[in-house]
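Below is a structure I'd like to ask you about.
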Amino acid sequence: MIKLHGKMPKRDDGEPFVVRVVRGTPGSPLAGDREAYILGPDEVAPPGYRAYLSAGGAHLQSPGQTRVIWPIPEELSYLSDGDIVRINPKTGELWVVYRRSSPFNAMLLTERCNSNCLMCSQPPKAGDDSHLVKAYLDAIPLMAPDSAELGITGGEPTLLGGSLLQVLRACKEHLPDTALHMLSNGRLFNYLSLCREFEAIDHPDFMIGIPLYSDIPHRHDFVVQAAGAFDQTVRGIMNLARCGQRIEIRMVLHRETVDRLPQFARFVARNLPFVEHIALMGLEMMGYVKMNLEALWIDPVDYRQQLRQAVDVLRQHDLNVSIYNHQLCVLDRVLWPVARKSISDWKNEYIDKCRECAIQDSCGGFFASSSLRRSAHIAAFQSHEVCSPIAGVKKQVSNV
Amino acid sequence: MLPTLPLLNDRFLGAAAFRARVGTGYSLLPLRLIALDALRYVLTNFAGEHVVLPKAIARQFIRHELDSNSAVYDELKSKHFLLDDDSTVALDLLAVKYRTKQSLLANFTSLFMFVVTLRCDHSCPYCQVSRQSVDRHAYDMTIAAADRAIDFMFHSPSPAIKVEFQGGESLLNFELIRHIVTRVNDRNVLEGRDIRFVIATNLMCLSDEILSFCKEHDVFISTSLDGPRTLHNQNRPRPGGDSYEVAVAGIGRSREALGADRVAALMTTTEASLSQPVEIVDEYVRQGFNSIFLRPLSPYGFAVKTGLVTGYSIEQWLDFYRRSLEYIVELNYRGIPFREDYSSLILRKILTPYPTGYVDLQSPAGIGISGIVFNYDGDIYASDEARMLAESGDRRFRLGNLHTDSFEEVMSSDNLIDILSETMTECVPMCVDCGF
Amino acid sequence: MDADSPSQIVLCFDAQVYRLAAVKKAAYRFGDRCFAEILANVDGRIEVRLTPKSKTSALDLLEGEFRNEVLDQDLRESVAEETERVRNLLLAQAFSQVSLTDHAGESGDYRNDPLGIASSQVR
């Protein structure tokens, strides 16, 4: 598990700022006031940067200069050239906003939400968190334009209204070649007027992932803990489609959603056949799942049949379906081609048993949080059991 | 010890809290029902959803006596046969599904068949067309008629247009085909439609010149293949008795020049075919096709007029169809992907929200408003069958003539509107109630 | 028709239970097999006289099938009556460019949130 937050000694009373990390490329700064230079051992701090970070060792100050040098916390020592961090001088907080080398960068724009899903991995928090949008608006111009994909998540990003649109416009302006994927409960898209705003921005590569948990309205409402949510989300999906937006449907599999999985698949195929992708996702043992573990947990092996049927239905309708967050050993083999290595690198793990497994490389493994509960059927494959390499399992950038 | 149900953390509401409105306002959504057998009804709705229920359950459902906690209640609600106060989005979804089903209607006519000549070298007894011998050029479409047909065609608002060249043997008048393709493409520079050309031909006069023209203009080839050599040659006599050899060689040449996906074949089932379902399918597999369209004899044209063809009963046809289909299913189980196109169309109608565009299975019928035929003499017909019927004296389905009538006149003529309204299953007695 | 054979059956339907339209439709449906004469309101009943067109038809079988058909048709009539309004709404909606069922969603401003979606979380 890679840490994204670290603590440094408090240094001064300055306002928080966002900088791009420069490491190992001495020379004149490209955008010095928005860059932080990481000093190697015994390195003399070059002039012109907004901040200086130390990777350890002693540093020599040039005569007459008294620059503040922030020691990078041990757990963030991976920081490298092109990463973006936010430093809060008042608290000493160092937050890794963006990692240049990761295909899994996501912008958590708000922690507020108008739903309260039973299995939320990122439980909502009320209160003002506008510093998040501000940080990302500062960070977007510093991100590498060749990043393949960038996520937007929350909370519920659409609650931000105009600020969200501002973020989208910034992405379009600074990162036109970066695919943008937003997670939203879709409820506010019930207003056609909001969809029209997205249509007007006309981002070249934008997709919205929207969760839908049942074909039966009150079952969905229960899972998201909001009466009327099903109607709002479904109308939202239809409105977005009217406005030419690309849509993905996300289904999280747990005890309260797996029963009607085949019917759910049929419902999507018949009513929302225009969606571009359907992701069927395993539980992440985070946030509310910990509170509701016994009520939600079901061994994936126990819903193999429903999962198989659902995928069959979707594929028969020529829909693009993927399974996320499942280990290959708990899946029906015919589903292997749609299983994706979906877990973000910073929270992806394998367990001891996996080391003996012949197909570990093709398998998405576990969330770090899976130590809480795993399938009772995790088993290593011997190489003779799997005759050919599993070509179907692709790496998927998914912001999970 | 009783198993205890795992509980949610108490900051969450239980499922029951969200069920409060379930069952109240229980009302039916539009549906049709028909007995499937002695014990079951099939219920369908106009968006194409269906559900099969025991008759007793269906009656309970319609009398509002269904338990709102039952699985069947959920199924009917999920498939939009039933509405309650839990949700109203079913109305939006139903409307969109219906609109999708009807979407091709809005596009209007998209298939235009040009009968470029009635001349033909074959003398197939089942031919739907009253063919003319090869030297009778009076039965060729004139350039003037073709040009008017092109004008007429571009009056249709359809964004996608299919131009099909028919005969007779269409390639006997290849010069006119060349003229039409070139002119349509020139005009389409401004029109910007998605246009596809298909030549229906027996491949007899295929030449390198024709193939390179087809290659250059992305023209598709559609030919006839009735089955194995003996059957095909028996069905499709020509001087030399080598229709099969000509077709197979032509298919090969065309594929090589244009690509396999540009070449299609159609079969017609004669009385002699009825005993050879496996052989016919095998012939298609052997020739490298991945599908077949099993078609019965058409009751029009030459065949009926002359009595040259021995007909067969619907039962015989269905038996042939069933046996062919069984064999095709078996092929697929053996790992040979192969499709029967007519079943595919029907299944698409039953199982998906999408329309098929197949003119023979539409309400209202596709005549005129989906497909239209320009005969060699400039007459405009509602369908291919309509011109056959006219050849035998019944001109009911003749909609006008290219030289005298405009697109608007033809499309709004009483003649066409009357035919269309009589084919709307939504209003025809009994059809209106039919579950199928 | 052979005049000597018992060639007619008479069926009665309770007019309180069955709609006249259902009986008529059933008779129409059986039009290929028999002639039908319908007498409405005979002491609160609908009387149907069926005369098979071919005398090979088994009369008792015909009676059972006709009764089932009336049952089916009556079910259809009740569906049609109940769903007529919603059917018209759906057809109007299908060919309308705007939503007729969700006015607030269709024309409401998301910034004002007239449906209260942004704050509807249950806590």
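A, B and C are the chain letters, set down in written order, and residue numbers restart from 1 in every chain.
Here is the rule we use: a contact is a pair of C-beta atoms (placed from the backbone, for glycine too) under 8 Å apart; a residue touches a chain by one contact, two chains touch by 3 or more.
Just so we're clear, the structure is a prediction, and the values are computed from it rather than from any experiment.
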| item | value |
| --- | --- |
| Overall pattern in which the protein chains touch one another (line/ring/star/complete/other) | complete |
| Between A-C and A-B, the pair with more C-beta contacts | A-B |
| For chain B paired with chain C, centre-to-centre distance based on mean C-alpha positions, whole Å | 31 |
| Centroid spacing, where centroids are CA-atom means, of chain A and chain B in whole angstrom | 46 |
| Inter-centroid spacing, chain C versus chain A (mean Cα positions, whole Å) | 53 |
| Shared interface positions of chain C, touching two or more other chains | 99, 102, 122-123 |
| Touching two or more other chains - residue numbers and ranges from chain B | 11, 13, 88, 92, 96 |
| Chain A: positions in contact with at least two other chains | 116, 225, 227, 235 |
| Chain B partner contacts - residues on chain C that touch it in the complex | 25, 28-29, 68, 72-73, 75-76, 78-79, 82-83, 86-87, 89-91, 93-95, 99, 101-102, 122-123 |
| Residues of chain B defined as touching chain A within the complex | 6-9, 11-15, 17-19, 21-22, 49, 74-75, 77-79, 86-89, 92-93, 96-97, 351-354 |
| Complex contacts: residues of chain A adjacent to chain B | 116, 118, 215-219, 221-222, 225, 227, 230-231, 234-235, 238, 255-256, 260, 263, 266-267, 269-271, 273, 288, 291-292, 294-295, 316-317 |
| Residues on chain B engaged by chain C in the complex (per definition of touch) | 11, 13, 27-35, 46, 58-59, 62-63, 83, 88, 91-92, 94-96, 98-99, 102, 429-430, 433 |
| Residues on chain C engaged by chain A in the complex (per definition of touch) | 99, 102, 104-111, 113, 115, 117-123 |
